[in-house]
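What follows is a pair of complexes built around subunit A, which joins subunit B in one and subunit C in the other.
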Partner chain A sequence: MAATGVQLSRGLELIVKSRRNEIAVAYILMAPFIIVYAVIFIWPTIQMVELSFTDAPLIGEGAWVGLKNFWRLQSDRLFSTAIWNTFYFVLLSVIPSTLLGLVVALAVNRLKGWVQSVVLAAFFLPYILPVSVVFRIWSWMFDKDFGVAQHAITPFTDGQHVSVFRTLPLFMPAVAFVTIWWLLGFNVLLFIAGLRNISSEIYEAADLDGAGRWTQFRRITWPLIWPVTALVLTIQLILQLKIFDQVYLFAANVRTDATMVMVQYILKQGFQMNKGGLAAAASLVLFLVIVVLSVLQFQLLRARGER
Partner chain B sequence: MIRKVLYATLATMALSVGVARAEDTIVWWDFLSGGDGVRMKAMLDEFNKEHAGKVKIDATTFEWGVPFYSKVQTSTAVGQGPDVMTYHESRMPLGISTGAVSVITPEELAASDIKPSDFGPANWKAAQGTDGKQYGVPLDIHSVILYYNKDLLKKAGLLGEDGKPKGLDGAANFDAALAKLTTKDVAGLSVPDDNASGWRVFYTLFNQQGGEFLKDGKFLDGGNLDKATTALAEMNKWVKNGWTPAKTEYPASIALFTAGKAAMHINGVWEVPTMVDLAKKGQLFDWGAIQIPVFYDHPATWADSHSFAIPDRKGNPVDAAKRKEVLDAVHWFNQHSLEWAGGGHVPAFLPVQESAEFKALKPNSDYVSLAKTAVFDPVSTLAGVASPVYEAAGNFVVPAMSGEMSPADAAKQMRDDLQNQAK
Partner chain C sequence: MSGTADGFDPPAVKIAARRRARLRHWDLVALVFTLITLGLAIVWAFPLYWALVTTFKPEYEVVRPGIQLWPEHFTLEAYIHVLTRTKIGFWYINSLITSVAVTVIVVIMAAGAGYAISQLSFPGRRLFWWMILASFMVPIQHGLVVNHFILMNQFHLINTLPGVVLPQLVAPVTVMIYKQFFDSVPKDFREAALVDGANEFQLLFRIYLPMNWGITTALAIITFIGAWNIFLWPFVAVNTEDKMNITVGITQVHDAFGVSYARDLAVAMLAALPVALVYLIFQRRVTQAIMLSAGIKG
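Coming up: the complex of A and B.
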């Protein structure tokens, strides 16, 4: 009896020991990542927050100025324009690109065999292009004097050629259109993966019960694909809040103030105006906006999905 | 074993030091792409061939504008960067204020045989700080010029016996000429619709009225505002009357001219090779280029200058011996700048600018007169290539020209915007 007691406690000890070992091993294995993450992400982030309370130039030390940078942002007309343009772009791109992705995925999913592969590849191809190439393609297509897209525009404008990216009200919608064309393939891919996860038995059962296509979509596909939809929406939201490349390229060297977006504002203040502190403050605002919006959106979408 | 490795390492190090001594390397950064890049590469090859065994220039090209200048600023701040770099003279004030460029002393210049008197006074001075010290040595003067289609001008009776346009001086005459040249299929004039082009044309017209863009820290102060409005109104007139197509992108504006759909074209001298190459292939009409006509009181043309500067690498300065080599090389490039002039530029180095060879170079010698009346950008950290002033031109000059903003409003807003940024 006593012997078993000893054995038992021995066994427990071993388990605890090996547990301890396991944890130690886990930490050792995680260490490289944690160190790299801390050094190249956490530490610079803390420093950026610190920088936002100083009047530092792009490089070098600055004096502590408290909330002055944030006050300046708040009263800067250009910063308000940048925020407004960013939100406007998000509005134009996030939901349309998600819905379009779903529609295309549903269509592609009904194709079979190599035709499906070819169509899918065709939709995915733009996604692998660098933004500079996308910019070149579309700036030439839309070119006011020689662009091929003018043939599609002139019937609506009495034969007048339109400089799409140089007409302010058309600028953001046009950039959103190009962005959706460019990034759609990725959304389609995610949706197709989601659609393939829905068991065909459910549809067969619905068929037997006499459910039509629309009912099947509304009652089966839409609820079951919802987690993917929520994911795509969130990815898109974060991505589009950080909009920069396309706007920068398409508006390059013309009316940059009127088309300014937030990341561009940071670039302007930091790298052109040599105001590191102000740029850091603007970055912090953008960071907070992204965190708050994406957490909010994800929670909202999840709540809806669990209903 | 360890000792062996150590010795081997030491030996290799000694060897590599020995090799480096035999042929010094100058690290060179520039922003010259396109035709300028090709031409500079040929000159660099020639330099390296001529100096083989003594000095070798190791050149790297970065992207023009903000990317180049950001890279220079960030690398010099941490003691990195090249031994020599190209630098726009208009960008000098910003370079000096951020500590990216180093002072070149008169003794150093003299030691490399670089004489201030070999350059135009305004050109030489544009590479100085407000402290009167020299920070760069100019290589060229580049400006905007008026390209013209001889066939179309002749048809409109605007071509003189000498093959140059006639009757374009004076705003009213220029406008009348545009009206004459414009037909259903052909525009009188094409101008690129980007901030830099807008700035160059605007600054030219503004200075022809004797305007001062920045005076005692104030932008467009007093009567200068009216002069700016006048210049913008003139540019707007071209578009409003249909003489100039609105909102034409840079490449398209050139294409309009080279396709014979625009009789004249205002653009930088750097597009001369484009025309020369097309003409060589037999794909261009008979063309020419002259200095921008005098619209108002006196001739004046916006100009900038590619210059050479030595970076101020913090904690790791370019040593004296290397600086001597760099300045020798700079002098060599100026002496050989006739080749650089093939890119349309006017050589800054007067012995080349006034040489018989350059005078024989067409069309450069037809517009070389602009060098005498060239006006450089205002001296301010807000001005120069890819600066807030350029951006303001995009935000106000360009829409004023296209008619999206009234000239008077645009001038006022430009003044307020820049004044606000100067705070």
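Coming up: the complex of A and C.
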């Protein structure tokens, strides 16, 4: 009895030891991630919230001012412009690029073999380019004097060349157009993956029942692809609410506040005006807008899909 | 419908004939659709081609009206000018160093964290997992840009390459993908190796990582492309030409050239070259990684 007792406790000891060992290994493996996560994400987030309640400059201390920054944002015309422009851009880019992505995916999915690969690559290649390259390509395409895209514009303007990015009403639609050209491949890819997951047997059954193409699309493809559509819409929404790069680049020679978007407002207040507190408050608003809207949209879209 | 095969059942024959007619009709429609698709693909790819071909034209041809699809006088003047007269060499090296650093660190970090969360039990495991899931939607790069600047300034890393790298290292999605793949490795491998006296590190480096080599490649490629293409943070964190990444460099020194589209585009094509090459070589991996990060197992 005593011997087994000793053995048991030795076994227990080993288990405890290996358990302790497992925990140690786990923390060693997790350590780099935890440190980076804490330093680059958690800590700056706390700092941002704290900063948003002070009147601190970008670098340096400030006094606690309560909600004053948020009241200032609320009454700042430029901030309203930035929010309005951001939502306008989201409206112009998110839904069109999702619908076009689905249409192109349906079209590409019909093709076979190498033709399909080549066509898919044509739609996808722009997606992997850096934004500044996209900017260079399209400034050249739309160039007022020599751009080839002017050939597509002049029929509507009695032969007048248009400086697209310096004409305010055209600015956001043009940037949205370029953005759709740039990012469409991503949506197409996701939709094609979704389409391939729909079993061909369902279509064969529908064929036998004499269902036409349109009926098949409405009754089979559309409902079954809906989860992917919801996903694409949500990803695009999150992405486009953060719009900055293209708007900044295309407006760089114009330098007008009229095309300001939210991230640009944050940078302007923080780096140009040296108002760290106000910039942090605006960042917090951007945070909340993105989290709330994306959760809301995803839940809404999912609910629609489940109905 | 038993008579269909030998053709004795008149209604069935009629149905078959109608079907064939409909198919012929569909053939034509299908052809039209295919042509429209091809046309749209050409339109979509045209700006890329047009930009590339412009770089090989002499300046007087670039500004000639009309659409000239091939240079009359093929020249590399624009490239030579850009390579010798701008700091593109610096920008290239900066981009290469920072992108490779981000890729290596992110992949190692994510593989370790993914393995721990997937295979080991330790206090805080669930908490970390929930935090990773929660940060999926948070605009880390854009929302925190001001505070990242303040932080990097405290570390005296503004205008340095480590300062460009650090804020890019939070990659919750990469951890999520690793966890998902490590979860699906059969437990038998693990138990057999443990019986043979392997420790956790050997398990990770000898079994789990090699078994998911494809995923590591895919994640490394997509991380590299993302780091090469990033604009906002290097734009904020760097203020001297020598320290710029290529994505920022090519937009900031425009005026130094004067307006010359061939040169502007040549520098852009050079900036795009590495990611375009990586994509063309690893097409399948790139698409796989993109679908994985969107939450679709491809």
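Note that in this section the second predicted complex is superposed on the first by the 270 of 307 C-alpha atoms of A that agree within 3 Å, B and C clash if a C-alpha of one lies under 4 Å from a C-alpha of the other, contacts with A are read in each partner's own complex, and residues count from 1 in each chain.
Definition applied: a residue touches a chain if its C-beta (ideal position, glycine included) is under 8 Å from a C-beta of that chain, and two chains touch if they have at least 3 such contacts.
Since we're looking at a predicted model, the values are computed, not measured.
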Using the touch definition from the top, say if A:163 reaches subunit B (first), subunit C (second), both or neither.
first
Is A:181 contacted by the first partner subunit B, the second partner subunit C, both or neither?
second
Go through the superposed model and pick first if A:143 touches only subunit B, second if only subunit C, both, or neither.
both
Per the contact definition in the header, classify A:58: touching subunit B only (first), subunit C only (second), both, or neither.
both
Figure out whether A:272 sits in contact with subunit B (first) or subunit C (second), or with both, or with neither.
first
Mind telling me which of the two, subunit B or subunit C, contacts the most residues of subunit A?
C
First (subunit B), second (subunit C), both or neither touched by A:257:
first
On subunit A, which stretch or stretches are contacted by subunit B in one complex as well as by subunit C in the other?
58-59, 139, 143, 145-146, 252, 271
Within their complex, subunit C touches subunit A through residues 30, 33-34, 36-38, 40-42, 44-45, 47-48, 50-51, 54, 62-63, 65, 67, 105, 108-110, 112-113, 115-117, 120-123, 125, 128, 131, 135, 137-151, 153, 166-167, 169-170, 175, 199-201, 204, 225, 228-229, 231-232, 236, 246-248, 250-251, 261, 264-265, 267-269, 271-272, 275-276, 278-279, 283, 286-287, 290-291, 294-296, 298
Inside the complex, what are the residues of subunit B that reach subunit A?
66, 70, 73-74, 77, 94, 98, 193-196, 245-249, 252, 255-256, 386-388, 390-391, 394-395, 398-399, 402, 404, 417, 421
Would you pull the subunit A residues touching subunit B in the complex into a rising list?
57-60, 139, 143-146, 163, 166-168, 252-258, 271-274
Subunit C-facing residues of subunit A, complex
21-23, 25-27, 29-30, 32-34, 36-37, 39-41, 43-45, 47-48, 51, 58-59, 104, 107-108, 110-111, 115, 118-119, 121-126, 128-133, 135-141, 143, 145-146, 148, 151, 181, 184, 186, 189-190, 193-194, 228, 231, 235, 238, 241-242, 244-245, 249, 252, 263, 266-267, 270-271, 276, 279-280, 283, 286-287, 290-291, 294-295
